[in-house]
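Here you go, one structure.
Chain nomenclature is as follows: A, B, C and D, assigned in order of appearance, with residue numbering initiated at 1 for each chain independently.
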Amino acid sequence: RDRARLLISCPDRPGIVAAVSQFLYQQGANIVQSDQHSTDPSSGLFFMRIEFELPNLGAHWDELTGRFAEVARTFQMTWRFNRAHVPKRMAVFVSKEEHCLLELLWQWQSGDLYADLVMVVSNHPDAGATVAPLGIPFYHIPVTPETKKDAEAKQLALLASHKVDLVVLARYMQILSGDFVRQYPNRIINIHHSFLPAFIGRNPYARAYQRGVKLIGATAHYVTEDLDEGPIIEQDVQRVDHRDEVEDLKRIGRQIERTVLVRAVKWHLEDRILTYNNRTIVFR
Amino acid sequence: RDRARLLISCPDRPGIVAAVSQFLYQQGANIVQSDQHSTDPSSGLFFMRIEFELPNLGAHWDELTGRFAEVARTFQMTWRFNRAHVPKRMAVFVSKEEHCLLELLWQWQSGDLYADLVMVVSNHPDAGATVAPLGIPFYHIPVTPETKKDAEAKQLALLASHKVDLVVLARYMQILSGDFVRQYPNRIINIHHSFLPAFIGRNPYARAYQRGVKLIGATAHYVTEDLDEGPIIEQDVQRVDHRDEVEDLKRIGRQIERTVLVRAVKWHLEDRILTYNNRTIVFR
Amino acid sequence: RDRARLLISCPDRPGIVAAVSQFLYQQGANIVQSDQHSTDPSSGLFFMRIEFELPNLGAHWDELTGRFAEVARTFQMTWRFNRAHVPKRMAVFVSKEEHCLLELLWQWQSGDLYADLVMVVSNHPDAGATVAPLGIPFYHIPVTPETKKDAEAKQLALLASHKVDLVVLARYMQILSGDFVRQYPNRIINIHHSFLPAFIGRNPYARAYQRGVKLIGATAHYVTEDLDEGPIIEQDVQRVDHRDEVEDLKRIGRQIERTVLVRAVKWHLEDRILTYNNRTIVFR
Amino acid sequence: RDRARLLISCPDRPGIVAAVSQFLYQQGANIVQSDQHSTDPSSGLFFMRIEFELPNLGAHWDELTGRFAEVARTFQMTWRFNRAHVPKRMAVFVSKEEHCLLELLWQWQSGDLYADLVMVVSNHPDAGATVAPLGIPFYHIPVTPETKKDAEAKQLALLASHKVDLVVLARYMQILSGDFVRQYPNRIINIHHSFLPAFIGRNPYARAYQRGVKLIGATAHYVTEDLDEGPIIEQDVQRVDHRDEVEDLKRIGRQIERTVLVRAVKWHLEDRILTYNNRTIVFR
């Protein structure tokens, strides 16, 4: 199709919107959605997402992006264009619990998640049976403390050879190394099974039970080198009460996890997320 | 201050954002927030809200608005500029139940509701005691089927002489005539104590109880001549269960009503609402 | 296992709890959960659900239920015992949209829905491919205005021969006749894709869009002869805004529908629901 | 009136419900609500709350409670009876921010909060003007590090002389000493302005902003010697996004705080809360 998105970050100052919208107009584009955010109009950062249509987009692509470089230079912009109809290439990592994987597959099959699902990777063989009938390549790469380095090398090779754009950790219970993470900045989304920053780390449901909380939650975030400290994309909670044992919290939590993860992945695929200062701007 | 808002509706076509942002830039304005919506990029309607800062706004006001008329003409725009620091003049109509009035007063006192509260009108004398200590003029105008016409005449005279911009019906239990309503299009906000379009009309909580619903709600909407049929601004709900009698529904409902009404009023005061086709666009 | 549930309805009067708990104690049972509700302690109806454990339950079953008849007579009780480990026999009816069916299958496979899924019935052949790999019998019974009577006869014969306890209408787009419904009182659960009583009948999402609501919802209810008028079991809503077209409402609505339907089915399977006066009491 | 509540905790074993309900029946009481919870039917703890009506309750009170002591002994119960129409004596502690105090006053005035509001205590003079017109005694007791010990002595003397049952910390920004807290176990309710255990301690909104969370919350809990570690009674959250600055979080948070605090206080006043293991059981 003829739809594209332009994402911009730059120091805020007067004239940015005028320059960008003037440029797009001159190229023949019609803006269909536009969102912006300024951390501080006088001396802050400016962020913008524009979705536009340009007839015969493919033919104009190189010219469009080439000419925009000039505008971008003037305003010291970090920027990127993405064509809406080019699906991002997505890999899903999973361990034994498949509820997040299943929700991703489902939304993907129903067309609500627009991506090429190029592979599923797991440190356990179980998910293979789920994935196989759908024709999605499945790679079983076991991970032990001894083999972790090799396993990550294999994973990285797969991601590279499949030109993966986005890695989704769908309850993948292994911690990725800093080396791995640095190669996919803001391109690895994890679902943590608590309302961060509460219950960072292992066994959040058991600890939530122990603390006697009245709501439990889940958090989707970009993965950084610091465990569970990356920019938060989305969070949600559900009410629990004294009758709910740890197993109930896990069951209720599974529903929150899959909902929250899918929302975050969807927003990423639609180029709705910008990050700065370990925070996300989500243009919904 | 030097902040203003521009609201626009017009047929959608390429170049609107460019023209408007170019214009504002040339006047020396810095856009701090911008939201837009198109019902259909090819042949639909385009809606926009821009919040901007312009140094020494007061001195430039006439020039700014005068010159914009040209831009507006080109695109067949319906438009208005509002200065953010000029409070809207608000009247609150109330009957016996004061929870919505109290919430409005409270938010107004704490500065969260930016308006001049120029009068409170009631068909009962009770609210006078609440309003008097705050120095807000209170008018007790009784309404009976016989006196309704006269009562409305008095109310309209008061609204006119106080140059009221917005009328808030905070559980005012009288139905305004079409004549009244037509004089304040999209400028009367009512809180209906149900999740519209369920339980239009009288006694919604009793009927909600009767039907055995598991959630009850409230709806803030602009008032039109058709009872409870005006453009919906905001709605919310709360969970109830079999233990809740009608009185409980009313008590729970009061919390929803005051929350929902205040949100709607706040958005109106901040010029965040546009209407078309009996629907609202709320740029939050 | 040795766990059972006792459900009771009767006129309220002093001594019911004492008599029932005394009886269970004398039989050697330990009450693990107990919920009760009275519409009015002086002259109303009393409802109770008791979950208890009795060692070697199977051997005592006939004696237990036989002897309870005496207690029940004294208090004019409507009552039933159910053994927790005996799964109810469930049939799912579906048309073309499979999201509710899929959620039911998923929860059933993960063990969160304790039932025997004895058949899936559809007026379209599509769902067969989903159901077949799981070994669940699938019956394709087309329905036209002319064949409806025959189709229902076939359906009823299937339900009878499979001794079905519960029929779940998982977006089954045919209206069941009064004859059908009367054979399964409080044993047919439907999911309606609106927040009842708003948008009864066809195309609720299109009508919700038209009305400009700010929340959309779904309702699970027992089916009675009056369309969409049966006792409501569960409802939930999600926020929408002006950017959401009818297709978006449908997409968002699918998530609500599957959540709400599964909750209602789960509560039914766990004997948590009693009805009176076209209302439900849900002992959670 | 003739309504009372009985609260029980004891080791779980068969026969408790039978014995208690039999006892109440023999005294002529009619049970109108009954809730129970067992941490583990085989070897756990059993908790129960029974609300009942007994004609001419006042005349039977001593006999009722005296005779129950026998039943209680048999089952090693911790227990208490409370008469529903005897209001608890409540003191509210507040600092400069009055939104939680105002909500309490409001619900108390409207009759939704059934208590004797015997005093308001503050380390600042400001709230005096709010409280005075209502005829509630106001005590301004400044607190500095040097005078804290004396201030607490004064506060404790006031609480004792007014026979206060419940202390509500409605955004009271001083930390009570262990000595103070130990005198009112499970009788001091605090509102913490975060979703505990996230953001324990000072400035939770600033830290929530810093972390970039997508929901903010509030927590009502009983106060123990460990700051923000007491049993959680109630929590709730609201959605925020990248546009919300710290000031917005505070404003949004105020709404959550007052809602959550009032719910917790209401449940306490209605004897709905039991505690064990630093957790609460809330029989709603």
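Basically, a contact is a pair of C-beta atoms (placed from the backbone, for glycine too) under 8 Å apart; a residue touches a chain by one contact, two chains touch by 3 or more.
Everything numeric here is computed off the predicted structure, so don't read it as measured data.
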Chain pair, B-D or A-B, that carries the greater number of C-beta contacts: A-B
Listed pair (A-D, A-C or A-B) duplicating the C-D contact set, over half by residue number: A-B
Between subunit A and subunit B, centroid-to-centroid distance (C-alpha), Å: 37
Interchain centroid distance [CA atoms averaged], subunit B/subunit C, Å: 42
Residue list for subunit A, restricted to those that touch at least two other chains: none
For the subunit B and subunit A complex, residues of the former touching the latter: 12-18, 21-22, 24-25, 28-36, 38, 41, 53
Complex contacts: residues of subunit A adjacent to subunit D: 37, 195-199, 211-215, 217, 231-237, 241-243, 277-282
Touch list for subunit A against partner subunit C, complex: 99, 102, 106, 110, 112, 133, 251, 255, 259
